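Chains here go by letter, A, B, C and D, matching the order in which they are written, and residues are numbered from 1 within each.
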Amino acid sequence: MELVVLSSFLAATVRMAAPIALAALGETISEKAGVSNIGVEAIMLSGAYFSFWAMFQSGNVYVAVFAGILGGAGTSLIHAFLSLRCKADQTIAGLALNFLFLGLTSFLFLMQFGKTTTLPSITVLKPVALPLLSNIPIIGEALFAQDPFVYVLYLMVILLMVFFYKTEWGVILHAVGEAPRAADTAGIKVHAVRYLACTANGVLGGLGGAYLTLVKLGFFQENLTGGKGYIALVAVILGRRNPLGVLIAALVIGSAEALQIRLQTLGSTIPSQAFSMLPYVVTVLVLMLSMGKGHNPAALGLPYERDKR
Amino acid sequence: GGAKEAGTSGGKLKVALLLSGPANDQGWNAVAYAGLQEAQQKFNIETAYSENVGIADGEAAFRDYAAQGYGLVIGHGFQFGEPAVRISSQFPNTKFMAIESNTYSKNAASYVMACEEAGYLMGMLAGSMSKSGVIGIVGGFEQPSIVKVLEAYKLGAKSVNPSIKVLEAYVSSFTDVALGKEAALSMADQGADVLSHCANQAGTGVIKAAEERGLLSTGDSYDQNSIAPNTVMASTIYSVPALVLTAVEKVLGNTYEGGVFNLGMKDGVVDISGYNSFEAKIPQTVKDAIAAKRNEILGGSFKVPLIETRSK
Amino acid sequence: MAEVLVRATPLMLAALGVSVGFRTGFLNIGAEGQLYLGAISITWLGMTFPTLPAPLMLVLSLVLGFLSGGLWALIPGLLKAKFGLSEVINTIMLNYIAINLVGILVRTSLKDPTYPYPMSPMLPASTNFLQLLSPTRLHAGLLLALVCAALVYLLMFQTTLGFCMRAVGLNARACQCSGIAVSKYVIISSLISGGLSGLAGVSEIAGLHHRLIEGISPSYGYLAIIVSLLGRNNPVGIVFASLGIAALQVGSMSMQRSSGVPTSIASIIMGLVVIMILSRKSLFRCKEA
Amino acid sequence: MPTLRMSKIDKQFFGKMANEQVDFTLEQGEIHALLGENGAGKTTLMNILYGIYQADSGCIELDGKPVSIKSPKDAIALQIGMVHQHFTLVPTLTVRQNITLGLKSKGYPFVNAKELDRSIRTLSERYNLTVDPAALVGSLSVGQQQRVEIMKVLYRNARLIILDEPTAVLTPQEVESLFIVLRRLREEGHSVIIITHHIDEVLAITDRVTVLRAARNAGHVVTRETSEEELSSLMIGRKLQKIERKPLPFSFASKGLQLDSIQSKNGPLGPLSLSIPAGSIVGIAGVDGNGQKALAEVIMGIRDIESGTITLDGKPLQHLSVKERKALGIGYISDDRLKDGLVLDMDVRDNFLLSSYDKREYTSHALIDTKRVQQATEQAVFLYAIKTASLSTPVRYLSGGNQQKLIVARELGDQPKVVVACQPTRGLDIGSTEEVHSILLDLRSQGCSVLLISSDLDEILTLSDKIAVIYQGTIMDVLDHDKVDMTHLGLLMAGSKTRRSV
């Protein structure tokens, strides 16, 4: 019985962490290239809405996932255009997108589905247990009897670890975020790299959003991300922009979330807000424990202009 | 400031509704919106509404509508009581109404729904249908209008099964569906086999969780069977339409006055839905017990205790 | 129109705070939380000492509001200055914590015992700001914000303290080499930054709500970041930017009320306008260069 | 046919001409010097060639064919390589990663570190440029970073190599080995453009010289046919006076600056003792990276010490903050003006104020006295002939040399008691170098203690009363100005204590 509770707690942790981790991985790529997009929330919302819409229309998961990715990438590219082409302040651009997509997705939903008291919904993806792996006691069930998105997440972490630390592309990405001038004079197209990184951010963030509708909920609602985009930003910093670190950070936050819900159901008269703030307190504490200067890419948030000295 | 002249324009009464969330929130706000629609059809009135009106904007919204000549402005939620009263003295010809509040003035009234009456019956249903002896309910915010439902639910469940264990959680959100779902899942993990909610949007997550785990569930605010036809046994019904209709009728008949009005089952404002596809699956004895209790409430021989702060 | 000014008030105060932080390289995303702390402080003051005379109450509530918002921001400020911890994370986290803290307080120690709802009792009239243009909601908070804008301008551009803060924000290493104690100024800046947002909270309670209740800030703290950056972190720019953003919000809300367009339009317009300004500004800049 | 012809190049910034009708030709297999005062437009011209700037008008021909160079990528494709005046390295990457950045080597996109290291080593052996491919660039001394920059260019097979003030940061030995590299390159048929402010270097290595002055061509000579005098008058329009360091006829009462068994905190210094009497210049000679910068930072209080004492006129300093030390009258010129010395996005006036922001003359009741600051800055800009569009121009837009002059003006302008000068003339043209030198000598005659850290041995030998040789964080020996034996000095710098003849 105890083990079942532990296993289900772990599984809940992974479920809570998955969308955050996906979006945070995307943001990691973008920030490594020097583009800081605090509009992750907008990317996720867009991914969530478009994947839901496509699923509702087509009934095909692949189409839906693709639509979510497109939605996320499109959103991220608006940000990329503003910050790279227009040299706009990346923070404002991100915040503006958050406002825009909060309104836009809700507006589109309203136009598409009208005001109904019946909830337009789709069937959610079912968990798929991986043979052998899912039989490992305790963690097997929690980690390897999940939905396909979670496996995509694991795969992404591995791929990104290789990408960042074993390939020339990773070096290029790092150089572009750290010293764009050095990259430029070495013949690297700084803006092209940044656009690609932003696209990747949109793709992963879109997946994170699609996870919410296609796996978790099966429907769309206004502001359905409810701040997860900001939490993803936190996971990026907490994980020190290392894919594995980011995953672990997301899991820590996810576990605090899973824990606070469980603590509440134990029943006590402490106001529920005391539990609700647990994940945030945990985040601050973890950050303090994992002390040591986290290094930001030196050119993070700064537009690159070749002929500016 | 603005036009003090208010009431009817071109003979038509204009009614405005302020919602604290989106109008399609599958709960609290959705039913109010539906009520407005119904009133419009029935009385040939002009209507308007504002979504997502926060605490910071309530007063401005009331003022705006009153200044535009609306005869009745309804704030759907306790937090609108205060601003309504404050504005009401500046627009004596406009009638103000707040739902679930407890303040009033000459032309501002508060209408309170006895939601706990339906909550009690839902508790009875859940308690009777549980095989494991554990049930769970998820609340939105920990505030009186929600707490009273959860507390009544617990009492109802205990009345049919004194040894039942009721898990409860407040997710501090009416909108975080994922959180609602996760809370329900954690209750399921602890053995709960009937999952209920009183959490608007977030509550739909609870129903989805029950559906996914093949458990039973109850709905809230309106008949939510359509969300998960094989999961939702019955729902509480808060007939805001009835409330709105009552108010509009009074305004039209010039009998609208300030005060706090408690409306419950016997006023046709609170009820429970039918059992839909569960009609056959719920034992007759359970249905009978619930119907009997409902009659007692209607007849006034049983009063569901109103508990507005959370008990252990 | 008065409503625009009412709305611009907290935006202006919080954005001034944000700008002081940004100039010093302290990326304060936590104005939202600091605002709530200011609101808590004046509520506590009013409930604990209801009999204080109004002038004293005014001074105390401003001082206390500034301090509580400031101290809330000082936590991430200290953590950044002393241990190099990311203030971005910490301020965002403290926002959520502050909002939950308000939730706890209005249910426990600051709750109105005579009233079942999660809100504080009405505060004594001595805490109230002067109403300016009755019957509009315009209150003296606006004057407070304008005075603060002038003070921030003086501070940042005319005093050595402001000079050092700006220099630290632009090149901390050069400051260290020139004998400017970097961490000291980061800490001072976080305190001032949070303090101004705290005043925004005081002003909302003293000028509008007169009691603590959840949700008094519809994302003012986040909007303040937009305002501050649109105003180029300059007090004069911020005054205008906050009026612009407030007008946009009030305008789209009253548009909804008069012509029934969905509210989502408000945030769509808000986002689009900012994006348009961003892209226009850059076109202009391209020509300049 | 010249291998490169740039003709009638115009380039303006904010309405100010940086290049005006500039012509430049380069022959295949020659080393060509580009000379000019600070701000003359040398870097601008080369940046146009490398695709960093686009000329407003004019054209570029390579081997007789007009080319359009829109970006460094285009330049690299045309086999042009450039080592920039301010390094373009990624400090958080390794030497190998910097050298091979953006190249598609075998196994691309995967990195075959061993293979790359081998080819880097081969190349570095061939040109005698020792670098450790696995070292983090940020941990290297400036001189080592310079080597990495050159390796980067060579690794990309450039046949036209631009070096923007490469010797400014090198020790004499390193300059010598760089020249060996350059001669080697010339033999192999490469063409080299070198920008430098050292006329002796120009005479030693180049074939031809192009001089710019105030954005225009000012002359074009063949090295063999010219002289130091001609070059300097082409550059600055006047003859250069040779600086003479005369012994002071008197001594000062003040004891000056004393360092006693200094040990820096987990750093490269110590134990180190050194005395810099009032009215003297003590030069630190040493191979780059032996703790010179740490020594300066320890005196300033930027770097913490583990043990030891620092005294000024007998008063201990070691517990004082940077600010308190500066208030006692210690001026500091750092060798890294961009990172340590200036706030690039602040204007000239604010940067001038940076280290004296709380001096009483500029403030009243915490308020800055804008007028006085304005006056003082104007005066300094005039006195030190700093070329800037206005006082409210961000210093980012000043040329390197003028940025340096601003720092000198700020740190030395206010009668300091002690001056810690790290590479004070790095990147300065000959005219300005001469000015800085005479300022340092003036300060000395006013009783100031000057610590001069420079990789330019000539500078040290001309200015210093005493020459301290630093090696691995300790002082090997302190030599008198007039008793220096170059061989002995060289040995000390290499860490050998064996005394030969004195």
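Criterion: contacts are C-beta pairs under 8 Å (C-beta built on N, C-alpha and C of every residue); 3 or more make two chains touch, one makes a residue touch a chain.
Since the model is a prediction, treat every value here as computed from it, not as a measurement.
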Legend entry - Third chains touching both subunit D and subunit A: C
Inset, instruction - Just give me the whole-number Å value for how far the CA centre of subunit A lies from that of subunit B. - result: 35
Legend entry - Distance from subunit D to subunit C - Cα centre to Cα centre, in angstrom: 46
Inset, instruction - Find the geometric centre of each of subunit B and subunit D from their Cα atoms only, then give the gap between the two centres in Å, rounded to an integer. - result: 75
Inset, instruction - Can you tell me which residues of subunit B touch two or more of the remaining chains? - result: 22, 142, 172
Inset, instruction - Mind pulling the residue numbers of subunit D that touch at least two other chains? - result: none
Legend entry - Sites on subunit A at which at least two other chains make contact: 106, 110, 222, 271-273, 276, 307-308
Legend entry - Pairwise chain contacts, counting only pairs that touch as defined: A-B, A-C, A-D, B-C, C-D
Legend entry - Residues of subunit B defined as touching subunit A within the complex: 22-26, 30-31, 33-34, 136, 139, 142, 167-173, 175-179, 181-183, 185-187, 189-190, 201, 204-205, 208, 212, 222, 226-227, 310-312
Legend entry - Residues of subunit C touching subunit A in the complex: 27, 79, 83-86, 88-90, 92-94, 96-97, 100-101, 103-104, 107-108, 222, 225-226, 229-230, 262-272, 274-275, 278-279, 281-283, 285, 289
Inset, instruction - Name, in rising order, each residue of subunit A that touches subunit D in their complex. - result: 166-169, 171-172, 174-175, 178-179, 181-189, 295, 298, 306-309
Legend entry - Complex interface listing, subunit B residues touching subunit C: 1, 16, 22, 48-52, 54-57, 59-61, 64-65, 68, 78-79, 82, 90, 101-102, 141-144, 172, 308-309
Inset, instruction - Provide the residue numbers of subunit A that touch subunit B in the complex, in ascending order. - result: 4-5, 8-9, 12, 15-16, 106, 109-110, 115-119, 121, 124, 212, 216-219, 221-224, 226, 257-258, 261-262, 264-265, 267-269, 271-273, 276
